[in-house]
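Next come two complexes, and both contain subunit A; in the first it sits with subunit B, in the second with subunit C.
Our next item is the complex of A and B:
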């Protein structure tokens, strides 16, 4: 069974500043500010291409990146959960 | 928190002989239990709210009755060109408008410059100084 699909707000609604390996994101719709590390910016970028569940998101990420470790699926769910809790992604 | 790293992946060029390295980024997804997002907004929201709602009496209670000259100095009532005291304290947001050169509602535009200069002259210990200092902090 496919899991929930997620989507991120368009790039123009999130101001981003990179700071030595971290990114500070100001999410204009909510007025919230977040400090994020990889892979959060990469996940947001992939979800801006359209809604995706965890499996599709991993496919998109794998098209550009190599993964370290063998717990990609568990990790991507954890990342999506925390991005959703922060309001940076939402269910499509 | 985790990060990305560059990793060289070798490949053959179109000619078959030349080794053409390409760079493919390794993305560390992190452990399931490790957080990669820290939200800092709540504390800032509180600060922003208090800045907008803090108050600056013009002039402060120490100078009750005095008028304010165009340069912001306190002068005796009746001094030509001086602005009268404001009937109520300015809120932080109103003070911000004044400092930016606009006139908040209820303020005489001809007196706005005097009030703005009074605020700029506030010093530590004077009523409204903390509010003014907060307005100077980046948000």
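Our next item is the complex of A and C:
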């Protein structure tokens, strides 16, 4: 069974500045500022291509980035939970 | 209001109204030499009123009111009317300021370069800024740094410096008696004495400066200096700002511009002489 599908707000509604390897994001719809580390900015970028569940998101990320080990799927679920709690991604 | 006083402090104007004359007389003496706002229009109003009408005469107690009100802006005894006026002015600024990104920080300037001193309450930034202000630097403010979002410049807000406890003696040894207000003993924050910034600070209260350095001083530790990463600076400055959230994306952009323009250092210092030496060293490095 496919898991929940997620979407992210379009790029023009989230200002992003990279500071020493971390990204500070200003999320205009909520007015909230977030400081995030990789792979959160990459996840947001991939979700802007359209809604995706964790497996599809991982496929998109693998097309662009190298992953080591086999814990990527668990990590993606954890990051999606955090981003959802922060209001940066939501269920499609 | 029976009694009124108008004050211009940097780019901000205040009308302070009071049910009693005494706190305003004291305030007028402390703020001698400050300009009056032009055209009688003020940014903020502070009102010192009796808690209840009859208390104006019977055990008088001052309640602070104004354009913006916090529920815990506690009443103080009339003897602390000067402190009430200061708290009222801070409160209106902290809650109502929309033109400037407000940082809870002291600012000093030399050779056109401004140094922002910020950090936790009790870190000694106010005392350090007040001392630098008597030793060749211009004191721009001891409480609020005003970052102009349009130009990226820091603007002065040279209100009377609020000295607490040990800092009172430090500054009394440095500055002529006529620039001090009365000693306010036993306030909720301990002993407090206000000090008027010097003539140079007042004469140049309309003159901004380019931010050049952000310092996070911490008093009472062995001397040490460490660079602070920009993401940490961003986070600490959002915490030090009273109006960052209210300003939305303008605040975000202004803060990033400030951080991109200024190196940031955390300094631990065992005594003020060490701290002043460090700040002078940094100034020479920036100028080089």
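Observations, loosely collected:
In this section, the second predicted complex is superposed on the first by the 92 of 92 C-alpha atoms of A that agree within 3 Å, B and C clash if a C-alpha of one lies under 4 Å from a C-alpha of the other, contacts with A are read in each partner's own complex, and residues count from 1 in each chain.
One rule holds in what follows: a residue touches a chain if its C-beta (ideal position, glycine included) is under 8 Å from a C-beta of that chain, and two chains touch if they have at least 3 such contacts.
Keep in mind the model is a prediction, meaning the values are calculated, not measured.
Of the two partner chains placed by superposition, only subunit B is touched by A:78; subunit C is not.
In the superposed model, A:63 makes contact with neither subunit B nor subunit C.
Contacts of A:20 after superposition: subunit C is touched, whereas subunit B is not reached.
When the two structures are aligned on the shared chain, A:42 is found in touch with subunit B, with no touch to subunit C. When subunit B and subunit C are set side by side, the one touching more residues of subunit A is B. In the superposed model, A:86 makes contact with subunit B only, not with subunit C. Contacts of A:33 after superposition on the shared chain: both subunit B and subunit C are touched.
When the shared chain is aligned, no partner comes close enough to touch A:2: not subunit B, not subunit C. Residue overlap on subunit A between the subunit B contacts of one complex and the subunit C contacts of the other covers 21-22, 31, 33, 35.
The part of subunit C that touches subunit A in the complex is made up of residues 229-231, 233-235, 238, 244-245, 248-249, 252-253, 256, 259. Contact residues on subunit A toward subunit B in their complex (touch as defined above): 21-22, 30-40, 42, 61, 64-69, 71-72, 74-79, 82-83, 85-86, 88. For subunit B in complex with subunit A, the residues that touch the partner chain are 1-4, 7, 24-41, 44-45.
Taken together, the subunit A residues at the contact with subunit C in this complex read 15, 17, 19-22, 24, 26, 28, 31, 33, 35.
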